[in-house]
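Shown next, in structure tokens, is the structure this report addresses.
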């Protein structure tokens, strides 16, 4: 066995490939020579399956794409179908959707910080992140009955109204959040080892990031305030005041900072939405059998992982003729070899973690 | 009571001590495994094992029984001889080192003087350090003989890590030896008693550098690169199962107990009670020295766990930088300072 | 390389004519085994997130002595198949199972691992029991952490009823399954 | 239906510039649901994408989408359609290019223009069997290399071929 040009297979069963991703890594002792991601180990044929299901039936399957942020997929899909069918969503439903989606973003980022820290060796932070996340899962459980894949949206609105008890619960969870984030930040922000492991690691210039189609927090960490909630506001996002956090670092540390700020911004949006929650219906009148006239539509939303898009082509029946998902993780993952160039073997796990990929979304 | 026969003195007592030296580290390991799992759990806001025995104290026993009854796998591609030798070597060297670790001053029972060590040598410290360094061969053999890539990388990391961190360990041990004028562990403790000051308080830099290097030598967080789970799966013992894996596992903990013992003996007065010079605290002398010794070891074992629960893992290049840029220069300067101060005063 | 304890949990669940001492030994061994499942840290899909949540503070699988998620199958006792097994992944799942040393147990967590779940498609294996034997099935999409814990306790009960020594001493019985 | 305002004049202007540049390669345009689709001759796609990126600010390739028009496509259409979803972030504009290809007919790869197209083209190759000429590494991305058939074709059964 040669020590130079050692070819390593990370995955599909490896503790830090976040599921069943496989990386073919060539290392020269500890320095990375080349790296090639191999995906498809979780390819479930979702797009083919969608073609045989009616529009409402597809909704629960979208939960299983980005399963750490299931609501974000529901949201993107619902908006795309509504755009295609020309359904007007009541204002209250739009607000409730924003609340749910932003809570999901918080929960997704909390899980992310846990995974990222765990990959770098700070095991405790994984547990902290997951414990903090439980508060938000409780809210989803109270709202729709599920913890992870909750099917929290319907075409035309949301399945349930927000009642006062739940609103109080959301406020309580948000009140505890700043303290919890600070706790994690005290552990990490000024930690020398954490900084060594993240600063300057996984650098990608802004131009490269755009060329590789990077979206989401990774792109914002490169200094580009690219956020679909601001760029092309949907579901009343224009009503809320929030910042799009960016840094110019464009390394793992920058991505960490951006996500931690995004948690705070999401909390800000939820608070505003709760304060100004309009009265009215929570779901529009949608025919039981939804037949959508022939047409095609492409709509993107800002999911926790990046820009999530749905392309739907209808043919006048109650099932889509073709539906394609633009998965942010899939596109973000392409830039992994670029980010790893010249790096050290241990960097791979940190960089991969900073991309925040979810295999369910990559492989569909 | 009639005079005890020479058979008792010359055969049974040494035999008993040998058995004890096998069991003492193992008991410490069991306690340590339980302690680690419980303390890490508490740090992480969990409960930790609490189902078997009182507060889960039997958990390590259940683990041990289970793991010893597991299938022993030697994969086809492995170098069978080295693969089998490696865990034994690691275990053997760790346990052998304990022979030279004294637990306290001799106890007088009637006319017989019971020494609390199995073997005492004028070069006991060297022997312990040597044995502790030999255990890395087990790691290297294990990693290489597995004929698999992750273990190999783990072994490579381990070699470099131990090579580098032996240097600050040697330099800091020298300062202690310099003061105590002995490399006999019993004499070093006695010198601290005579000098009325623990060397850790006299030379804090030595103590800290030794402790950090000790963590690195035992491959524990944040220096657990040879078995970094998120990178190398399980590092050098990825291919080991059952009993042999248990050997690696136990040896790692035994090694931690050993390093903690060394820190206590070299820098924190071994079995001496604290505040020896304060008359009002003289009651502390009533507590047997062995308990003081255990308490101090437990403190350092606890530190191990605490550090593991808090810090991320170093990257390989930073690990090396830490040694070459900080620990080695620091221990060199420290050594010179100690020499100068000793002769200037 | 097969251990005398190869799969004691299968095929030997009767306690016929077991000597007293052996029964005691059996109980001791199964006590150790059932209280120290070290799961293989293998997550395939959505269920893996709930598996991690089970290990996290709220549900704390560590109480049962099972928090040592082993990254290497060589050191694992319990394979929690957490998620959809695709046809591309199936050979790897099988290999992981084979790399685990006996005695070993498998839990199919979630509907996908049980029967393919909501994915009756060309690329999904319709149930992991088509490639490896399963001891406990935990339904749900994904099962809640409580569900997973219930599955683990069920598995503990199952292991407690086995007689590892019978397999140890009557070698010809070993591969009855 | 809360998609932001579509800047129709700006889209028209981009379309006009593209038409002027590509000439008779533009086979048709459609504007529906606030989205512009431009149907191009397959051989003109790469030039159009490069032009839109370099001169009209469509710097981002959102996605590439494959479509199967069935074994017997409508009059004037071919078996597959490949859609290029482009995005101009400065002006918040989206434009969709479409190119029809017959079975076995190669399409020029745009990896040279947009790096993001790398895996997207591999995905379309995997799912539909459309071959992209000039792609650096055209292999299946999701399925095993041994897998037979292309799942998203309309004649491929959901459960797979037995």
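By written order: A, B, C and D. Residues from 1 in each chain.
Going forward, contacts are C-beta pairs under 8 Å (C-beta built on N, C-alpha and C of every residue); 3 or more make two chains touch, one makes a residue touch a chain.
Worth saying up front: this structure is predicted, and the values here are computed from it rather than measured.
Peer 1: Which chains does subunit B share as contact partners with subunit C?
Peer 2: Joint contacts, listed by label: A.
Peer 1: Does A-B or C-D have more contacting C-beta pairs?
Peer 2: A-B
Peer 1: CA centre of subunit A versus CA centre of subunit B: separation in Å?
Peer 2: 45
Peer 1: Report, in whole Å, the distance between the mean C-alpha point of subunit C and the mean C-alpha point of subunit D.
Peer 2: Taking the average C-alpha coordinate of subunit C and of subunit D, the gap between them is 47 Å.
Peer 1: I'd like the Å distance between the centres of subunit A and subunit C, where a centre is the mean of that chain's Cα atoms.
Peer 2: The separation of the two C-alpha centroids amounts to 32 Å.
Peer 1: Just the number, please: Cα centre separation of subunit B and subunit D in whole Å.
Peer 2: 64
Peer 1: Can you list the residues of subunit D that touch 2 or more other chains?
Peer 2: Where subunit D meets two or more other chains at a single residue, that happens at 142-144, 151, 156, 158.
Peer 1: Scan subunit C for residues touching two or more other chains and write them down.
Peer 2: 56-57, 71, 88, 120-123
Peer 1: Any chance you could list the residues of subunit A touching two or more other chains?
Peer 2: Within subunit A, residues 14-15, 40, 43, 45, 48-49, 127, 131, 363 contact more than one other chain.
Peer 1: Mapping chain-to-chain touches, which pattern fits: line, ring, star, complete or other?
Peer 2: Graph shape, chains as nodes and touching pairs as edges: none of the named types, so other.
Peer 1: According to the definition already given, which pairs of chains are in contact?
Peer 2: Applying the touch rule to all chain pairs gives A-B, A-C, A-D, B-C, C-D.
Peer 1: Could you please specify the touching residues of subunit A with respect to subunit C in the complex?
Peer 2: Residue positions touching the partner: 12-15, 19-20, 40-46, 48-49, 60-61, 64, 67-68, 111, 126-127, 130-131, 133-134, 137, 147-149, 359-360, 363.
Peer 1: In their complex, what parts of subunit C are in touch with subunit A?
Peer 2: Touching subunit A: residues 41-46, 48-50, 52-53, 56-58, 71, 73, 83-84, 86, 88-89, 92, 96, 118-124, 141-142, 144 of subunit C.
Peer 1: Enumerate the contact residues on subunit B facing subunit C in the complex.
Peer 2: Against subunit C, the touching part of subunit B is residues 37, 41, 44-52, 56, 59, 61-67, 69-74, 229, 233-234, 237-242, 245.
Peer 1: Contact residues on subunit D for subunit A in the complex?
Peer 2: These residues of subunit D touch subunit A: 1-4, 32-33, 35, 37, 59-63, 65-68, 83, 85, 89, 92, 94, 96, 114-116, 118-120, 127, 140-144, 151-152, 156, 158.
Peer 1: Taking the touch rule as given, give the residues of subunit D at its contact with subunit C in the complex, in rising order.
Peer 2: These residues of subunit D touch subunit C: 142-144, 151, 156-161.
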